[in-house]
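Next come two complexes built around chain A: one with chain B, the other with chain C.
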Partner chain A sequence: MTSIQINNVTKRFGEFVAVDDLTLDITEGEFVALLGPSGCGKTTTMNMIAGLEDPSEGSISFDGSDLSGMRLQDRNIGFVFQNYAIFTHLTVYKNLAYGLEVRRVARSEVDRKSRAMAERMGLFDRLDESAGRLSVNEMQKLAIGRSAIVEPRVFLLDEPLSNLDASFRAYMRAELKVLQREFGQTMIYVTHDQIEAMSLADKIAIIDKGRLMQYGAALEVYNDPRNRFVANFVGSPRMNLLDGDLKHEAGRLRLVLAGGAEIPLAGQAAADFGQAKSTQKGSLGIRPQHIYAGERRSADDMEMKGHVEQIERVGPTRLAYLQVQETRFLSVDEQDRLRPGDEIAFYLTAEKSLAFDMATGDRLGGRLQ
Partner chain B sequence: MTDATAETITDTPAEPASAKANRRSRGYWAGVAHDSRKLGFWFVAPAVLLLLFIVVFPLAMQLYLSLTWWTPLDGVRWYRAYESFNSGDNYARLLTDGALWAALGRTVLLMAIAVPAQFLLGLGLAYLFMEQFVGRKFFYSILLTPMMIVPAVVGLIFFLLFQGTGPVNDTLRLPTSFAWLTDVHRAMLAVIIADTWQWTPLMFLILLAGMLGVPADQLTAGRLLGASNWQNFCKIVLPRMKSVIAIALVLRSVECFKIFDVIFVMTKGGPGVETETISLFLYKKTFADLDWSYVAAIGLTILFSLSLIAARGLSYAAKRKG
Partner chain C sequence: MRTPLRALVIRYAFVILACAVVIYPLLWMITMAFKPFPEWTTGTGMTWFPKQPTLQNFEFVIFGHAQGLVVSLDRGIVGPLAASLITSICGTALAVVTGTLSSYAVARFGIMSLLPLSVLQLRLFPPLAVMIPVMVMWAFIGAVDTWWGLSLIYGIVTLPFAFWLMKTFFDEVPVEIEDAARVSGCSYWRVFYRITLPIVKPGLATCALFVFILNWSDYLLALLLTQKNWVTLPIYMSTLTSPMGGQMYGMKAALGLIAAIPPVVFGLLIQKHLVRGLTFGALKQ
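On to the complex of A and B.
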């Protein structure tokens, strides 16, 4: 097992800064997801770990020893490409055996390991077939098996599930988790899909415009986002982010939203915003499941009045779009009671509200939940 | 239902009876415009005729003459050549003609050295051009130049280069008496060098195209699996290029077999017959000996054999591709 240290790495392509002063410490055996919108630098980061790109500044080490100058083929990295890069001119067997054959492993050993890996990956019946004839799903398995067979120090996966059909993607997500435990290797997984990242990874590194936004366990990132970008990016359905001007009046703090709606800040939210006296514009983040209608559950919860604009059903959950003047709140309708057009009062759970500074995007206050 | 409504239901208005009769009377031609197969035949016919005239007619004429003793010196018109019909004696003769087989042997020797040399050089150059380097485009165009020179001019260039007092001897610090083109052993070498100089670029071009067709991510995947560039080249690049390589080799072999201009200018087949390849042999038989029917027999035999070999090579390539 190998730990990875990324120290102040910057990567420039001409004027464009793809990765900006990134520092990341990955413990051995960990499953880490690099999560971010496309073009954020996550794939570049992975390519630098693999040695496909050299950092412009900074260094990358495995187990504390610097990798710079080490040749690609000596790094011993398992890499699964987004399009798998299967050797379509070879048989399935030859694909699996490739990494061993180029290392001049004894033929009997190659044979034993290749067959075992084929068995593990469910490709045993297809060993002698041309790899070009495999389905996309099988190619995915072959790509993983081909990399795993050489027992790499780290496993890098570049959006490996994005080409798969939905049902197989769910299956493969579970399978990857099992494989990671089986191989026991450090894995880095690049994805733009936060659900994938949340369900697979021990830790998530969220990257935007080449900068590390937050690095932490999945739940930590979800519950305790460090800034507005992370709050917005992680979670499905998305967090409500209510941007407005902070108004102090007679000791009461209100958030005046564009279009005129006002949120009477209370409890933790008020305290967080109140802490930062200089903040003029604030953003209140609250997840849809923390907005409720009906009985007020806590004295601090912030009451709003509006009407139900629309109801949307996503699987078993009902989402209600609640309109207050020009602002739309997304909430989870737990009790299945709301109907479009209803005039209602609803509450924002103060306890679960997050305060952000609009100017910097940083979280105000901040606490672990 | 009246007749008028019946007419609106069918799209085509009824023909007057006279037109039908007219068509019938014109027989075959009447329906051509409506029959796509017949129409197609008549559209293609002129091209087929032209092809028959420029390909089939000369071949048939050659076959006809090859079965006779006819030469232009006979004073008999060519179509009356059957008067000297020889029941295939020309074909029997070519089997035992030592000079012919010697010329054939020299041609095969030239092919066996020049084509692999061009292939290896072309492959090496293509491999170098896989990488990006400063001046790549410039060198690329320079490299392709020899291919575009008229072969006779190439012959002249190398004729001058290989003179005793020429630049080759000068550069290699050899005495002016050191002969290339008039030396029994070195004349062929000089020809091979000239041919290789001219045709390596074509090999390079074809092979580079094949190499660039190998997906880059597969090479990267190979490297990440621990393969060196060389291992990748042997295990990924070459196997994926099999069909391209086959095509390049067949193409160059056929061309090389027919080599004429360069040799004619450089040595005229000499010294003696040392560089006399099959084309020069046929040339001499035709224009020096005026042995036309014999040349026709040889030409046809070569055409037949070469076609067989090339077809086999290309079908191998096609199979590889699939």
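On to the complex of A and C.
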């Protein structure tokens, strides 16, 4: 097992900065997801770890020893690409055996390992077929097997599931977790799908425009986002982010939203906004499951009045779109009793509300419990 | 649904016409090759198929003379055939090898971004425009009327073709496949040799065939750069005229048939790759 240290790495392509002063510490045996929108620099980061690209600045180390100058073929990396990169002109067997043959492993050993890996990946009866004739799903299994067979120090997966059909993707997600436990290797997983990242990774690094936004355990990132970008990006359905002007009046703090709707800030939310005196424009973040209708559950919860615009069913969950003047709140209708057109009062759970500074995007106030 | 009969008739008429345009010259050549002298022209009336089939034409072009004919040539087919084979094969090898390596360098590493255009420029010149200086240069280095002199110019003239064709094939190969091989521990050279080249093998075969046909059918360069030691088949064919300047159609047709054999055999040998090479864009991504 190998630990990875990424120290102040910057990568420029001409004028364009793909990765901007990135620092990450990955403990041995950890499963880390690099999460971010397309073009945020995740894949470039991955390519630099693999050695396909060199950092413009900074350094990358394995187990504390600097990789710069180390040839790609000496790094011992397993890399699974988004488009599989299967050698379609070779058989399944040859694909699996490739890495071992390049490393001049004894033929009997190559044979034994290739067959065992084919067995493990469910490709045993297709060993002699041309790899180009496999289905997309099988190609991805082959790609993973081909990388795993050389027992790499570090396993890199670049959006390996994004081309698969939905049911197989769910299966592979579970399978990958099992494989990681079996191999016991440090794994880095690039994805733009936050559900994938949340369900697979021990830790998630959220990246935007080449900069690290937050790095932490999946739940920590979800519950305690450090800035507005992370709050917006992580979680499904998405967090409500209510932007407005902060108004102090008679010792009370209100958030005036565009269109005139007002949120009477209270409890933790009021305290967080109140701490940062200089903040003029604020953004209140609250997840849909923390907006409820019916009985008020806590004295601090912030009351709003509006009507039900629309109901949407996502699997077993009912999502209600609640309209207050020009602002729309997304809420989870737990009790299944809202109907479109209903005029209702609903509440924002104060202790689950997050405060952000609109100017910087940073989180205000302390850590959530 | 009613079949649009008129459209069908028009479509088939066009198809038949197109086939006729392609097949007729071939048919003409094959029948002509077996016709004796009196049937060559329409002097005795049009003949579609030889009335008295003969192998005399073949005998004449192979040996340079034939029984029952007073005219003879100073050479048979062996010399020109060997000359054509040697120079075409060497020229093709030169163009394909250099074209493949250089186009790979440009396609993968983006070095010399202007190279593709300047290579294309070579193709834009009418060959005749540069032939005088080339002749002087070739004379200077003693390359006139040598197998290597002709092979060299063949390689140079067809290089742009090979370069551009191979570049389109290399552009089609996903870079991740090479990255995957490199991560597996391959050096650049090994990746090229063991992964990329086998993937573009159909393209390589197609490219070699096209370049070979270009070289094989060249007349101008061979005319200007050879004298009598390295006479190629097209030049040999031009000598098939009677002393009074009449065209020896039967012999020319016979020679044409023989000359068509190598490209056809080459094509059959790589037939498996040819279809893939011509439809290469369908590579599984």
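Keep in mind that, in the parts below, the second predicted complex is superposed on the first by the 368 of 369 C-alpha atoms of A that agree within 3 Å, B and C clash if a C-alpha of one lies under 4 Å from a C-alpha of the other, contacts with A are read in each partner's own complex, and residues count from 1 in each chain.
One rule holds for everything that comes next: a contact is a pair of C-beta atoms (placed from the backbone, for glycine too) under 8 Å apart; a residue touches a chain by one contact, two chains touch by 3 or more.
Since the structure is predicted, the reported quantities are computational estimates derived from the model, not experimental observations.
**Student:** Taking chain A as the common reference, can chain B and chain C both be placed on it without clashing, or not? Answer clash or fit.
**Tutor:** On the superposed model, which is not a single observed complex, chain B and chain C clash.
**Student:** In the superposed arrangement, which partner chain does A:A50 touch: chain B (first), chain C (second), both, or neither?
**Tutor:** A:A50 contacts both chain B and chain C.
**Student:** Per the contact definition in the header, classify A:A85: touching chain B only (first), chain C only (second), both, or neither.
**Tutor:** Both partners.
**Student:** So, A:G132: does it touch chain B (first), chain C (second), both, or neither?
**Tutor:** Only chain C; A:G132 stays clear of chain B.
**Student:** After fitting the two complexes on their shared chain A, where does chain B collide with chain C, if the options are 95-103, 149-157 or 167-175?
**Tutor:** 149-157
**Student:** Pick out the shared contact residues on chain A: the ones touching chain B in one complex and chain C in the other.
**Tutor:** Touching chain B and chain C on chain A: residues 50, 52, 72-73, 76-79, 81, 83, 85-87, 89, 98-99, 102-103, 146-147, 150.
**Student:** Can you list the chain C residues touching chain A in their complex?
**Tutor:** Interface residues on chain C, with respect to chain A: 174, 176-177, 179-187, 190, 195, 198-199, 201, 283-285.
**Student:** In their complex, what parts of chain A are in touch with chain C?
**Tutor:** Residues 50-52, 72-73, 76-79, 81-83, 85-89, 98-99, 102-103, 132, 143, 146-147, 150.
**Student:** Quick check: in the complex, which residue numbers of chain A touch chain B?
**Tutor:** Contacts found on chain A: 50, 52, 72-79, 81, 83, 85-87, 89-90, 98-99, 101-103, 146-147, 150.
**Student:** Report the residues of chain B in contact with chain A in the complex, numbered from low to high.
**Tutor:** The touching residues are 215, 217-218, 220-228, 231, 235-236, 239-240.
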